[in-house]
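Two complexes come next, and they have one chain in common, subunit A, joined by subunit B in the first and subunit C in the second.
Up next is the complex of A and B:
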């Protein structure tokens, strides 16, 4: 079943296209990572899916319905980010009880166990928490609500490394026990890629690629060696990144259109073939130049 | 085994190789049930779809077989298949790497074979 169907959706602010003619579908019970640079349109897109923002044009269906102002979507969806609004009159313990009455699948035992594990104090108020503690509390609400569509927009803001690791593990364990559709946006792809099934990469509000994590990892290949030999082997491929190493040798990342035997022969020709990490690939794909930041300093 | 997240080898292949090693060392015997994708996902902190991909590789190679509704089991020929594969692919790739490094270092074929013989005799002497 398709949980999200997005067809030619745009969101325009003034003359800026935050989301531009975006089309994709997300199947039920998958964990998808939404990746993109700052200002790529990730949050705008997630807020349209969540029904918080009205799209300018196109067609957006969540559970086969238009999400904006939709009761079915808001009852079955939770949107977790660092700006979650909770009533300031309630303390954290009372907030959990309120969430319990709100979400049909709410697991109070899980919420309480996580609450204790992360040493939160039920008497404390949300607006008095530190940045990392706020994110931790929001994450607990996101997990315990067990909504069929769970959206985490940069959920780890302010969390330290160990809390982030605990969060990813908790998310995975609860997902295995209670499969549901999860979208996770993050800048830390290398931290989350293991628990993802698919990656949706957007650039300037447009879809750049949408495929499984394992396909992303095989999408490109890094070739290094003597510059002239590297050029000879990569002249037919799409170059994603290029870097000179010392005199005469270079490292080039190209789209992987090679067959096994071609790579074998390249190795025998003295080239070094290396895989390209998903995070690096996403940086190269969304970069405006082939040389990245080095181009800024290259005045020759 | 700890999954290497540095991208040098796809995780589903690392999972498949770990399962192969478990079968070779007879921690899981023929006709015994192998770990499910969910158990593997939980053990290695990876997405269940990735774990399933590792299992599928082994099922396609007939190292594992499916029993409907019961999961995957180790086939009786599993060990032989794995050994054959490792010789034909893994060892061959290592040799390719060895030869290209030898070329870079100007090591002659005779010299390289000499080194292999030496390493082999030292291995036996242990």
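Up next is the complex of A and C:
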């Protein structure tokens, strides 16, 4: 079953296209990572899916319904981000009870156990929590609500490394016990790539890639060696990133169109072939110039 | 995971009870407002004095809860605006909601707040008289309204007035969501019109429009007709708010 069907969806603010002609589908019970640079349109896209924002054009279906202002989508979806609003009059314990009354699949026991584990105080108020604690509490609400569609938009803002690791593990464990569709947007792809199945990479509001994590890892190869030889080997390929390593050698990331035998021959020619990590690839794919920040300082 | 089917009214009910707890600060502010009004009313809301030729003098004072009701009306106006502000509005959408359920539960909340506010402000008028009798040196205390039926009448009328103001506030808050400049224009009209009207000469020397509007409600001596007018107005105000918000984006 397709949980999200997005067809040519655009969101325009003035003459800025926050989301531009985006099409993709997300299948049921998959964990998808939404990756993109700052301002790529990740949050706008997620808010359209959540039914908070009205799309400008295109067709968006969540659970086969138009999500905007849709009560059914709202009941089966939870949107967790660092700007989650909670009434200031209620303390954390009361907020959990309120969430319990709204979400039918709410698991109070899990919420309580996570609550204790992260040593939150039920008498505390949400607005008095630190940034990381807020994110932790929001994450607990997101997990315990067990919504068919769970959206985490930058859920780890302010969390320290150990809490982040605990969160990823908690997410994975709960997902295995209660499979559901999860979208996770994050800047820290190397931290989450182990729990992701698919990656949806967007750039300037447009879809760039949508494939499984294992495919992303094989999408490109890094070739390093003598500059002239590298250039000769890569002139047919799409160059994604280029860096000179000094003394005439260079490192080039190209789209992996090579066959096994070609790679073997390249190795014999003295080139070093290395895999490209998913996070690095995403950076290369979404950067505006091939040389990255180095180009800014390279005035020659 | 199977999808949950939702019942529209069930969600409204949940949100309503959620709001009674979450918006409890509204009731705290009501108590503060009523206490201030109560203390101000202890000075009397009007009075006169005089002395006779044979050496006696008298003073009279009127003590009633009208100031408390007026203050509560202002409180209702502000509460109506307050619950449409971003912080309150977005609370709904953290949990299950759409614009319709959010609005309807807000309206139910305002109705509840008006009932509580109206009843308390009317009853505190009686408390005021008792207070005046106990702490001031009073020789004679006349109570004009004394029957249960007039008490009920007073309570219902207060509730209706307060509800009317909360509905006005709600619409103002909704208009502010479309554009902040609308509110400036609205404020300019409300404040500017009487000034404009009173600076003229002849027939334009008083804000006749405002007087006519006030008379429309205040001039009604029959409770049932008054109630009908208020309920109709409130319905129109709330309905307009519903229509407007349904066109807006849910959460920025």
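Keep this in mind: the second predicted complex is superposed on the first by the 300 of 300 C-alpha atoms of A that agree within 3 Å, B and C clash if a C-alpha of one lies under 4 Å from a C-alpha of the other, contacts with A are read in each partner's own complex, and residues count from 1 in each chain.
One rule holds in what follows: a contact is a pair of C-beta atoms (placed from the backbone, for glycine too) under 8 Å apart; a residue touches a chain by one contact, two chains touch by 3 or more.
Please read these numbers as outputs of a predicted model, since none were measured by experiment.
In the superposition on chain A, contact is made by A:176 with subunit B only, not with subunit C. In the superposed pair of complexes, A:92 makes contact with neither subunit B nor subunit C. When the two structures are aligned on the shared chain, A:190 is found in touch with subunit B, with no touch to subunit C. When both complexes are overlaid on chain A, the residue A:213 reaches subunit B alone and has no touch with subunit C. In the superposition on chain A, contact of A:47 is made with subunit C only, not with subunit B. Set against each other, subunit B and subunit C touch different numbers of residues in subunit A, with C touching more.
When both complexes are overlaid on chain A, the residue A:270 reaches subunit B alone and has no touch with subunit C. In the superposed model, A:31 lies in contact with subunit B only, and not with subunit C.
Of the two partner chains, subunit C is the only one touched by A:72; subunit B is not. Taken in their complex, subunit B has these residues touching subunit A: 3, 5-12, 38, 41-42, 44-50, 53, 96-97, 99-100, 103-104.
Here subunit A touches subunit C in the complex through residues 29, 47, 51-54, 63, 68-72, 74-76, 84-90, 94, 98-99, 101-105, 146, 148, 178-180, going by the rule given at the top. Across the complex, subunit A is touched by residues 1-6, 8, 11, 14, 17-18, 21-25, 87-88, 90-91, 93-101, 246, 249-252 of subunit C. Within the complex formed with subunit B, the subunit A residues making contact are 30-31, 168-169, 172-173, 176, 190, 193-197, 212-214, 217-218, 264, 267-268, 270, 274-278.
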